[in-house]
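Shared between the two complexes below is chain A, which pairs with chain B and chain C, respectively.
After this line comes the complex of A and B, so read on.
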């Protein structure tokens, strides 16, 4: 009985390690091979306070968790912009430094560690036997699971997954990626610190080998086994890794020392096999343990077709029939352009990379309820202009004023919050989120994206989440993609994902939309639908700027056109004026 | 602090160069793999250790002459390194697509863990000595080293020099560099990246095997002998730059070795093991902040507007 309890306790403790690492690795996409060393902070902290100051272990565990969380958040700072290989190396280095520090201090027992931590007590009861630990550990695990679930599977988790798959696109929708990363590093490291303190209390000792790099790797393995991005899987993974040892001792009757060697060998080999046969782990992201795998597929009885949504197809048809008169309409609109109020004013924007001039003294205005087009040959710097306007590239000089407020010097997410949002030439939908979740990511002001709201006001979060979902569905309906709401965005065709990306940009409710080649790479029928949608957006009074190569598109949409060459705006006017300029016509439009 | 004699400094510099040379050699090998193939080859450490065990077994247990044992031991390691690439990493990369770095790291981690424990199952956890080369003290410019140290540094310089010449002057070297900068383009001009990857794994495993044998001759053979030098090799590879010349990476290793030993003038032995990692963390932190700049430049220059 006590033997069984011992293993169950270990599974409970390591489940906390695995759950928190999964939140970091599977949801936020941040690789860490230092998780056990953050456990060491908690373990040594709680053990030291318990031995020298007679603190209750659980009190010490909270202190240890807080310290681990703070150190975790500090480690996140250099990790912010690192790619996977550098993160592996950084966390490996952090692990070495932390463990090295713990073995250096004689007060912490040097290489032997802290031995003889007094038994923990809870509500006056001492936890002496291993079975005494079962209930407290189970309760703590449930609480941790709840927290992880709340962080991973609500609005907050949606942002984390966005950061995991495409940090820049997520930032362009107004999410403070830096803060999310630091927070999730801190939170998960605090959880590791708590688990470490519990492990130290449970074993009555805190030693370097208990939190060694190998232990970090085995926690990593638990998460991989269980499946990244699936919390229930992590508990299964922890059980698998821990139970291999008794299973080997019992089934093959190996001696304990040899069994632990074989256990590590087996799980090592299992990792290799798993990567080959089932890289998503035992329980893949999005799957549930207790429901049949076909559950999701069964709910959408009718598979949506690849064809253009019905009402868009009709509109496209309408436009073709009325195309003859569009010239006159365009001319009328161009006359109006100059009367509209200025929303965005760009003055003297310049940027050079060494000797390459990306933008030189750019000045332009976007006017309310109009579509402005930015045209020019390849390499003219059109996309760079979008990068400069939205803060992804800092200009050397110049000013960008949105409704009179200066945007230069702020971060891309602040620019989005201020009301100017861009789309991407290469679409950049989050592939592992469904279409509707992608659009929900665009909605601003979500209580569920703030930690305080998430845990302080669950009712309001639930209410807002419903609203956000309805809003997102609304926009999906607007672009005609509502039938695909539950499809994962990665499974959509290019044209479909462009429509979802448009819905996502629209869902931000930004006044100014910068659309990077909205009609490129999709076939004719879809182009018509897309253009119809952009015209509707203009009718709603939003301000649109497009970068476009297709002159037909510019001709149909643009109220005003800027012409760019080699980082400079060399001409502007109505599209007709530009095409009738003899120089441009000869050089670029081929319509002399 | 002034009590530090010239003798001590000379001695520390000598042992710093000896240690650093080994880190440099391993760093060059790891950087070659990471730079050309993009694989985070964590199992590198196990291959290193295995090489020492093979040489030890052939010499001590089978009774072959030391030189032949070493050559065969290192060759087995090379075959294993190439096998890992051909039968494990390559199929994984084909399957995992864009996420291959993490998938390969996990598989490599698995290999490393499994290999390290298999070594203990077969050979036991105890330390073995690889004898066979008589250790003789040698004085160089007043510093005391042993003959094995001298051989190790000479071998490292020779190997790194050969690799540099290979990369610079031969067709194979140009193919490797082409694959490093762009595998798809290399394929278009008739270089087969799959074959180049195998060559790269062979070279890197050779380097690791030779470094391990010298470490075994100087110290001993034990299951964890690979961990620290290989982690330092990761550090050296990143600090030196995975797409830079091997000479530069090697010198970076020597500098790390020197920092490690010379810091012992001021710090206790325990602390100076930390120094390297503290440098690494600071470097990565500064790198992280500068990198955003470089990443943006590349993004702007590479992406046609």
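After this line comes the complex of A and C, so read on.
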């Protein structure tokens, strides 16, 4: 009984480690190979307070968790801009530093660690036997699971998954990516600290080997075995990893000391086999423990049909029969353009990368309820303008005023919050979120994206989540993609994902939409559908700016066109005016 | 004379993205054919399918009468194709001389190499003067010359040339296009992808125009030159 309880207790404790690492790795996409050393902060902290100050271990565990969380958040700061391989190195370094520090303090037992931590007590009852720990650990695990679930599977988790798959796109929708990353690092490290304290209390000791790099890797393996991005899988993963040793001892009747060596070999083999057969882990993201998805390597989703949504197909047909823009209509649009109020005013915007001038003294305006196009030969710097306007590139000089408010110097998420949102040439939907979740990511002002709201006012969060879902469905209906709401965005065709990306941008309710090549890379009928939608957006009174190489698209949509060459705006007017200029024809086609 | 290259009903997708639809085109021996189109129209995808870097989802590619659909780039280079990409077209950390030797596709026949080097040096004398210079330290136009020389070292019969005028001064463009014209006069077939209509029409015999993944037009150079403007084609 006590032997079984011992393993179950270990599974419960390591499930906490694995759940928290899964939240960090599987949900937020941040790699850490130092998770056990954050456990050491909790373990040593709680142990020290317990031995020297007579604190109750559980009280010490809370303090240890808080300290681990703070240190985790601090570590996150330099980690913000690192790619995965450097993040591994950084956390490896953190692991060495923390364990090294603990062994240097004689008060913490040096290389031997803290030995003889007094038994923890709960409600005046000392936890002396391993079976005494079962219920407290199970309760703590349930609470931690609940917290992880709340963080991972609601609006907050949606942002985390967005950051994991495409931080820039997520930031462009107005999410404070920096804050989310720091917060999730802190929270998960705090959970690791708690698990470390429990482990120290359970074993009555806190030693360097208990929290070594090997242990961090074992936790990593638990998450990978179980499946990243799925919390239930982490518990399964923890059980698998913890139970290999006793199973080896029992099934192959190996001596305990040899079994632990064989366990390493078995881990390695299991990992190799698993990566080959089931890269998404035992329980893949989105699957449930009791109804595992079919056993198949790679993606399990079917390619949806290429067909254009029905009502869009009809509208596309309408346009074909009504022919393109005639000169008279264009002239009317331009006259109208001049009368509209200025929403965005760009003045003297310049940016050089070394000796290459990407933008030089750019000045332009976007007017309310109109479509403005940026055209120009390859390499003229059109996409750079979008990057400059939305804060993804800091200009050397100039000003960008949205409704009179200066945007230069603000972060991309603040620009989005202020009401200007961009789309991306390469679409950038979040592949592992469903279409509707992608669009929900665009909706602003969500209580569930704030920690205080998430845990402080669950009722309001639920209510808002329903509203956000309905809003997102409205936008999906608008672009004709509501039938694909539950389809994961990664399984959509390119044209379909472009429509979902448009719905996502629209869902931000931003006044100004910057659309980067909305019609590129999609088939004719899709182009027609896309253009019809953009025209409808103009009718809603929103301000649109497009960069587009397909000049037919510019001709049809643009009320006003700026012509760019080598980082400068060299002309402006209606598309027809610009195309009648021999000089611009020469710049574009090299003809005399 | 049979076509050197014939592409029929070629369609291609990258993963989820259909980029080229039912493209038909052909190039005769010694002919320079221009392929125009806006950015993202699918021009580069077409030539990568021809070379075999991508496999078409449907359609056929025929080279000198042989169906080579789905053949590897390596085997197609051996058949006599060369592709010069629009970006990263030389090995910047190698000397001009080494770049040219690499272009000879593994040939170790000294006599052949000497003959080919002499031909390339005739075409662009500066490549002889700068033989020891690292290619990456040359000007954009000179690097273009290296790329063309590199391609010629394998004695190609079909050259797939992706936007050679990109970022070059008009005088350099003329020089490079002049060399392409001379090579075609000696029997080289060229499929020239361009946005610079004016320069390309100076050497092209025929033109195709692509828009959004489809060929929307095929015209002779006379017909193209007779157009008032090209805005409606892009």
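Just so it is clear, the second predicted complex is superposed on the first by the 568 of 592 C-alpha atoms of A that agree within 3 Å, B and C clash if a C-alpha of one lies under 4 Å from a C-alpha of the other, contacts with A are read in each partner's own complex, and residues count from 1 in each chain.
Quick note on the criterion: a contact is a pair of C-beta atoms (placed from the backbone, for glycine too) under 8 Å apart; a residue touches a chain by one contact, two chains touch by 3 or more.
Treat the numbers as computed from the prediction; the structure is a model and nothing was measured.
Undergrad: For the three-chain model obtained by superposing on chain A, do chain B and chain C clash or fit?
TA: On the superposed model, which is not a single observed complex, chain B and chain C fit side by side.
Undergrad: Please state, to the nearest 10 degrees, the angle that the Cα centres of chain B and chain C subtend at the Cα centre of chain A after superposition.
TA: Angle at the centre of chain A: 70 degrees.
Undergrad: With the two structures laid over each other on chain A, which partner does A:585 touch: chain B (first), chain C (second), both, or neither?
TA: second
Undergrad: Determine, for the superposed model, which of the two partners chain B and chain C contacts more residues of chain A.
TA: If we count touched residues of chain A for both partners, the winner is B.
Undergrad: I'd like to know which partner A:275 touches here: chain B for first, chain C for second, both or neither.
TA: In the superposed model, A:275 contacts chain B only, not chain C.
Undergrad: Just to be sure I read the superposition right, which of the two partners does A:96 touch: chain B = first, chain C = second, or both, or neither?
TA: A:96 contacts chain B only, not chain C.
Undergrad: Of the partners chain B and chain C, which touch A:286 in the superposed model: first, second, both, neither?
TA: In the superposition, A:286 contacts neither chain B nor chain C.
Undergrad: One more residue to check, A:104. First (chain B), second (chain C), both or neither?
TA: First partner only, chain B.
Undergrad: Return first, second, both or neither, reflecting whether A:379 touches chain B, chain C, both chains, or no partner chain.
TA: In the superposition, A:379 contacts both chain B and chain C.
Undergrad: By the touch definition at the top of the document, which applies to A:492: first (chain B), second (chain C), both, or neither?
TA: After superposition on chain A, A:492 lies in contact with chain C alone.
Undergrad: Classify the contacts of A:521 with the two partner chains as first (chain B alone), second (chain C alone), both, or neither.
TA: It touches chain C, and chain B stays clear.
Undergrad: Touching A:221, do we find chain B (first), chain C (second), both, or neither?
TA: After superposition on chain A, A:221 lies in contact with chain B alone.
Undergrad: Just how close are chain B and chain C at their nearest CA atoms in the overlay, in Å?
TA: After superposing on chain A, chain B and chain C come no closer than 7 Å at C-alpha.
Undergrad: Where on chain A do the contacts with chain B and the contacts with chain C coincide?
TA: In chain A, residues 378-379 are touched by chain B and also by chain C.
Undergrad: Using the touch definition up top, name the residues of chain A that touch chain C in the complex.
TA: Chain A reaches chain C through residues 303, 306, 377-379, 492-495, 497, 517, 519-524, 527, 549-552, 579-580, 585-586, 588-592.
Undergrad: Quick one: which bits of chain B touch chain A in the complex? Just the residue numbers, please.
TA: Those residues of chain B that touch chain A are 34, 40, 88, 91-92, 95-96, 99, 101-107, 109-118, 120-121, 227, 231, 234-235, 238, 268, 270-271, 273-274, 277-278, 280-281, 284-285, 287-289, 291-292, 295-297, 300-301, 303-305.
Undergrad: Please output the residues of chain C touching chain A within their complex, sorted ascending.
TA: Within the complex, chain C contacts chain A at residues 16-19, 21, 38-41, 163, 165-167, 170, 173, 195-201, 211-214, 229-232, 234.
Undergrad: Which residues, counting only chain A, touch chain B once they are in their complex?
TA: The touching residues are 31, 77-82, 84-86, 88-90, 92-94, 96-97, 100-101, 103-104, 213-214, 217-218, 220-221, 224, 258, 261-262, 264-272, 275-276, 279, 353, 356, 358, 376, 378-384, 387, 392-393, 425, 547.
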